[in-house]
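The letters A, B and C name the chains in turn, as written, and every chain counts its residues from 1.
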Amino acid sequence: MRHLLSILDLTVEEIEELLTTAEDILDHPDKYQDACRNKILAALFFEPSTRTRLSFESAMLGLGGRVLGFHDAASSSTRKGESVADTISIVSGYADIIAMRHPKEGAPLVASQHTRVPIINAGDGGHHHPTQTLADLLTIRREMGRFDGLTIGVCGDLKFGRTVHSLMEAMSRYKGVRFILISPKELAVPSVMLEELDRNGVPYLECQSLEEHMGELDILYMTRVQRERFASEEEYQRLKDSYILDSDKLRGAGERMIVMHPLPRVNEIDPQVDEDPRACYFRQAFYGRYIRMALILKLLRERGEAPATPDKGHPAYPVNQLPGAVCKNPHCITTTEQGLKQIFLRNPENGECRCFYCESKAE
Amino acid sequence: MRHLLSILDLTVEEIEELLTTAEDILDHPDKYQDACRNKILAALFFEPSTRTRLSFESAMLGLGGRVLGFHDAASSSTRKGESVADTISIVSGYADIIAMRHPKEGAPLVASQHTRVPIINAGDGGHHHPTQTLADLLTIRREMGRFDGLTIGVCGDLKFGRTVHSLMEAMSRYKGVRFILISPKELAVPSVMLEELDRNGVPYLECQSLEEHMGELDILYMTRVQRERFASEEEYQRLKDSYILDSDKLRGAGERMIVMHPLPRVNEIDPQVDEDPRACYFRQAFYGRYIRMALILKLLRERGEAPATPDKGHPAYPVNQLPGAVCKNPHCITTTEQGLKQIFLRNPENGECRCFYCESKAE
Amino acid sequence: MRHLLSILDLTVEEIEELLTTAEDILDHPDKYQDACRNKILAALFFEPSTRTRLSFESAMLGLGGRVLGFHDAASSSTRKGESVADTISIVSGYADIIAMRHPKEGAPLVASQHTRVPIINAGDGGHHHPTQTLADLLTIRREMGRFDGLTIGVCGDLKFGRTVHSLMEAMSRYKGVRFILISPKELAVPSVMLEELDRNGVPYLECQSLEEHMGELDILYMTRVQRERFASEEEYQRLKDSYILDSDKLRGAGERMIVMHPLPRVNEIDPQVDEDPRACYFRQAFYGRYIRMALILKLLRERGEAPATPDKGHPAYPVNQLPGAVCKNPHCITTTEQGLKQIFLRNPENGECRCFYCESKAE
């Protein structure tokens, strides 16, 4: 049985296939309107995320399927101390596919070990959010017609921005892609990611000005810069307006550039930009529904005749049970899930040990 | 594309047509059970209102459609500071029609400027609640068989009662209608509304006793009187029981009179009255479902082949951008919605300026 | 019109029929997938209970029906002080069947007096939870193939455990059933229940050790023991581990014994037991969906051509209106429901008076 926990669970070919299906649904929605008749999606949102949830629900309804679920932990049994494992063991008997969001990193992996049905990770803390990346890719393909040869500006918090990191990883696979990395110094792309770009021969350029390279961009991907991420209040006051996109700053951009944003925004794009035909972020949210439709179809199809029993998750890789070791990431699911064993994986190449669940480095 | 923001968005003929459709659905529900197959209603309740929400959801399900949404702002992205405009820009890509309730007055008007699909106002603060008025009209037509020549008693808080004001406006259009306005002096109908009745030649009579004119009424429309609306605690203690309907007070009423109430009630109608065949308020709630079915059908039909792009709301009337003026109504959507320009409209007849969004007078 | 308020509303024959239907749905789900097409279930959860709610919703969706409702009182009109009677009067106009959970005992009985449609009690405080008992019975029939001649161990809080009491009552009707009652002394089965077993000639044995009779059991029904139920902290510390089932304690059990639990569990079954084929509690939750499908089908069928008017609940038994008497149970619906008259029923056999709503003894 297939799950989607991380974008790396999909090959490049599979992503291509999903994008092609999504575009076919966009162009011929009627063909698909009964594709999931009598199937049930459980939308299990252990923390609220309205847009993501509604996108999944609308996707399932658009395929003729049905939806149940909960919207935050307060209205779920977790309030009574129930583990993710137990919740999934039960709810996977009530649905054909599960989309789950959870504040703890690795929670969907735990879920995948206890489910009778496919799990889609709809965001686990700062860890993975693969359907956002898929929506971004569909947007680029639909709006630009290609992935190759694009110059992509990413702006904002490039240090902690999960969305941006995933997009960079995904786009690095295509030929001729080049990144302009626009951020305050405090929030620059982590060096380990830059080394990865170097290793893969992907050209990039770091700068602190949103306008400087505006004219070269095919895509400008905006993200939020949070006040508390700056070194000091003075630094924040000095820089805050530099990373707000408005019509003035957009003046230098090419006519066919597109502006993307994972939404919700707070103030990092002035609403006056919304009227600009290059503003693409609401279309991006719109496309998100269609890639989720394609994904639901794929996972339900591949579930096929698989026996309705959980995968009892012994990982496929070599496991190093560092005896007594405990994951130090406070956001890791191992910190809250009762009865979950600590597991670490050692990378045979560099000897690094990482938590099996949240993938953070063991100390 | 048509929206329903205020009852005034509908002509008398359109209201008649809606009532006729609603009665046809009441009499032949099976004919309509697939009328909205594959259509999605988004029920966006930025504040809770269970009965109204369930009425809309039941209406859509009864037409064979599907429903998604949220029930209060706490579980929506507005918690993260997202504007109404952005929420609607996104969600209107996930649904075919939107019913929204919002605590801020004018929020549905803002929504109508950013949506791809029809907006139904399911209540915006103390401003409009047009489907309640439609439900009231359907109740009167269904129970009385006519609108003309009715004597209508309205009782309770007539000063702030949005529901009562709308009903009075709507019923004033019919011949021979007469109002008995029953309230404590502090909560009498505002003089501007009485002048309107005078201008339209609608007879009315103000009194403070619920029983005095009971025998003359065709309809008794009850509303709640809130303690905090009284001038003093003594005044409240002296008067509170006068506006509670019980079997005793009902004794003087005609046999065919009906008692209406928008619900929920607290204590303004004694539960013993529920058994009386004249008690019509639960049937009134029941009819609410059917008028909403008729409305959803109408708006989806009229959306028809309209291009799926938002109306970028420059109002059709002459706009006076009183420079620097700011709406003083603390419940106006302009007080919270980021990036929303203040707009005032000047009435060419009397020179009065009103906020475009909440319609309160500029000072 | 039939409701299901307590398991005693069903005859043994009706329970048999429900179990047979549930097994048929389990074996041939496709046959039933449109059985409730165009029907609406209202899931009215005045307090949260995710698993029970999702089980009902999944049941209705699996029958081709639709679902609406609310998940806790905070998002319902009860926040505005609306009575159960009014909520049901309104919502029963929006749905074809209602499943309700309410913290107050007797609330579903009040609902049944004001509804147009069948009411299913999905739990009212510590009072009744008949669909849990039905799920337990289906589990036993499905897993053991019979009810007769079973030795059933029930372990944990046998004093307050509503689930366990219902199961004992239901199983006492079958031949050759025998109970092993395993609990700390403080939490032993109430003597009134033991007398009932004696009267019906059902053999039982009380003990304090989970392991002592393990080898004799066909079924081990585990429940939670709450810390605050113990006489003292020392007592709790001394005994707590005795009532936690783990692989060690399971060693003495027969190979075909099954372990049941109403879930959610906290720590009373060690997760290592989940892998044991005798662990039956997740299958038990799974079966819960199917018995609810059978129940919804039965009640909708029996509603049949019944007129759509509420039963105005004058009870069928002789009523003794103990004048001035007030129910002393703080969890009784009479303590909160506005306008609800106190009613007590006198048992002609022993002269005992009990509250009509919560069935607790009048003092």
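We take it that contacts are C-beta pairs under 8 Å (C-beta built on N, C-alpha and C of every residue); 3 or more make two chains touch, one makes a residue touch a chain.
Because the structure is a prediction, the values reported are computed rather than measured.
Chain contacts in this assembly form a complete graph, since each chain touches every other chain.
Comparing the residue numbers each copy contributes, chain B and chain C share less than half of them at their mutual interface.
Remark: chain B and chain C have CA centroids separated by 41 Å (rounded to whole angstrom). In chain B, no residue touches at least two other chains.
Within the complex, the chain C residues that touch chain B are 38, 40, 42, 66, 68-70, 74-77, 79-83, 85-87, 89-91, 93-95, 312, 338-339. Taken together, the chain B residues at the contact with chain C in this complex read 33, 48-51, 54-55, 57-58, 61-62, 64, 67, 71-72, 263-267, 270-272, 274-275, 282, 285-286, 289.
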